[in-house]
Amino acid sequence: MIHAAGVVAQVVDTEWIGRHLDDVRTYTLEHLLLTGLAVGIGFVVAFPVALLVQRYPRLYGPVLGLAGVLFTIPSLALFVGIIPFTGIGIATPLTPLVVYTLLILVRNTVEGLRSVPSDVVEAAEAMGYSRRRRLLRVELPLATPVIIAGLRIATVSTIGLVTITVLIGWGGVGRFFLDGFARRFATPLLLGIALSVLLSVVADFSLLALQRLATPWARGRR
Amino acid sequence: MITFDHVTKRFDDGTVGVDDLTLEVPEGEVVVLVGPSGCGKTTTMRMINRMIQPTGGTLTVDGQDVMTVSPPQLRRRIGYVIQQVGLFPHRTIAENIATVPELVGWDKARTQERVKTLMATVGLPDSVANRYPHQLSGGQRQRVGVARALAVDPPIMLMDEPFGAVDPIVRSRLQDEFLRLQLQVRKTIVFVTHDIDEAIRMGDRIAILSEGGKLEQYDDPERLLADPANEFVADFLGAERGLKRLALIPVSEVSAEPGPVVSPDDDRGNAAEVARSYGTDWVVVVDEQRRLRGWVSLHELDGRIADANLRQFALSVESTDSLRAALNAMVTSRTGVAVRLSEGGLYEGIITQELVSKEIR
Amino acid sequence: MNVLGGILAWFADPTHWSGADGVPVRVAEHLGYCLLATAVATLIALPLGVILGHTGKGGSLAINVSNAGRAIPTFGIVLLAFLVAGAGLLPITVALVLLAIPPILTNTYVAVRGIDRELRDAAEGMGMYGWQVVRQLEVPMAMPLIMAGVRTSAVQVVATATLAAYVTLGGLGRYIFDGLGQRVYAEVAAGAILVAILALAVEFGLSKLQTAVTARGLRSTQRDDPLAAKATAAPA
């Protein structure tokens, strides 16, 4: 441990970090903004799509097939590929980010709704729940863990992807990467990596906490 | 022969699965371990092939302490059938049956020959050899499980609720086939079930275990039913213990009475006398060749018996049927008795409720 | 339309199809990096996943590694590895291997662990040694999911290998970064399209391979769902 700490002290220039705390704040806020917008827009679009797929199961194959194909497109290719169409505004990093979150969220929301045991749905039907009421009171609550699991995957993935947008002039904490690389200086690189991982972990745990709050009945189990 | 000598299984969490069990499974017999869930019957069985390690006492198979043999070597000599069958879904039926022969290094020709024989033995058509488990019915899969366990002809078989996952009709058929097969192969079998009726039907001997692996009684089925060692055993055997016992006793155990027999040539006067001497108001009509013609009530008899309207016995029993079958025949007949016929269908006598109760009293 | 025309013109230009900077060479380089990284990752993750799954130990490690994998900023790792190790194959391979291990490890572990208890019980009860259970039961049964993991990894690796060009290597990323540098967007788009096509081709090829290595008895019992693996995959 002492050895490792020594190595870190050699590689990491803490003084440099101290001088760049403003950058840390600005870049982190940009990172959070891009991530929040991407996941937020993604969820707002994905949710009705998922409900539609649940209502008309025939859409399941085509919708998820299309999602699977889009998923195969490399993020870097998508980021730079759309520059000619979207220019260099925030739409350029945001569009691909939204597309990827969309794929994860649609899939997980649909799977969540489908994972509700059919006997529970039937019981609700037999007790006279309307379709709408059944969805709101039975299916959505029970699907919540899987839906939030999708949000977690989407959020963590997006936080990682945002660092790549540094190549198209954005980047959040990924901005440290290019700075460090250009000057062959490890401190900013390590700082960027550490901040990105930290953001992922914090976001993941927050969503996990949200899930536990939202599903009190699942707490005692497992 | 399998011997448990003060065998104990204490799990890591301190619970006792099997408590100081002493028990002998004789060569060539079916011993059924039965009891409520949590009684340690499966644990007891799984210690024999060391799927579970005993923590005390000595467990020997054919005189050899199981703890001195490596588990895989031990297990290859012991057939193992479980309720869920556990067929390998990625292998064909033939490949599944060939699993142990391959493990012990049989050559291809011998293995193939053996697979063919076994499939015939357990009643599987050749056509399923190259199918996969999911293409078979539950009953067929169960047969494959038995064939796989018999593959290298192990002298010992362990069977854990082997017929538990199939419907009652298939189960009953598999049980019959199993008993027929056991008559040929004479394996030493340890059979686990929670169903006392299955235990009575399958077992040469039955060991009744209670919670925590305590042996309550170890006897052959008839002794067990006739003389339960304690209240636990009596409770477990259930309120219909007497009936269950009757099912085990063949009709040949009781000597039939001649019965109030008349010939078709007799008239009402003869019949009334015969009936009175027996204390009945009906007579059995038997011709010169001892063939049963039926029975007739004195109230419906005017002149010659040959002219009377004879009634038939709906059911009859033979010497190999059980007393339970005889009792069934009694309660379905207005005469209140069962007629016993020879194999050739000739009249041998009647069985009354007194005869039956005397036998089980 | 001007943009599309430019992209089409780029593809139509025969000089882009030959020489050291031609599409065939770049595709070959790209595939080379990917093959190396996926192979190394499989050699590490597969045995590890099988061992963890077989013994049932280290389960939370095997499962959480895929979550952690998503949080790793690959681009940062590539650059850092370049700073530490210098030019050459090592930096990009290290980063790609790190990226490829989690899906294979997690899928292998989950697949082996998920095999029905009674199957393992039957295998052991028939007298199989541990390695025989692994070879005859666990690996064949887990193969579809293992291959799904390899597929997920390979597609991510193909996409991410684009970054190799950023640290002085070749591959299809060359078009993207050269095009960005010279502001020739047709070239950038052409590179992006080529990477996407290659990723789809690898996805398709590996799905065929997956079917081929799946035991026949398992094929009709398990729904072949190419999307199943995607639920846990991160975009690359």
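Order of writing sets the labels: A, B and C. Residues in every chain begin at 1.
Methods note: a contact is a pair of C-beta atoms (placed from the backbone, for glycine too) under 8 Å apart; a residue touches a chain by one contact, two chains touch by 3 or more.
Owing to the predicted nature of the structure, the values given are computational and were not obtained by experimental measurement.
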Once every inter-chain C-beta contact is counted, which two chains account for the most? A-C
Chain nearest the overall Cα centroid: C
Approximately how many whole Å separate the CA-defined centres of subunit B and subunit C? 58
Averaging over Cα atoms per chain, report the distance between subunit A and subunit B in Å. 63
Whole-Å separation of chain centres (CA-atom averages), subunit A against subunit C: 21
In the complex, the residues of subunit A that touch subunit C are 64-65, 67-69, 71-78, 80-81, 83-85, 100, 103-104, 107-108, 111, 153, 156-157, 159-161, 163-164, 166-167, 174, 177, 180-181, 184, 186, 189-190, 192-193, 196-197, 200-201, 204
Please output the residues of subunit C touching subunit B within their complex, sorted ascending. 116, 118-119, 121-129, 132, 136-137, 140-141, 215-218, 220-221
Residues of subunit B touching subunit C in the complex: 49, 51, 71-76, 80, 82-92, 99-100, 103-104, 132-134, 148, 158
Can you check the complex and tell me which residues of subunit C touch subunit A? 3, 67, 70-77, 79-80, 82-84, 155, 158-160, 162-163, 166, 173, 176, 179-180, 185, 188-189, 191-193, 195-196, 199-200, 203, 226-227, 230-236
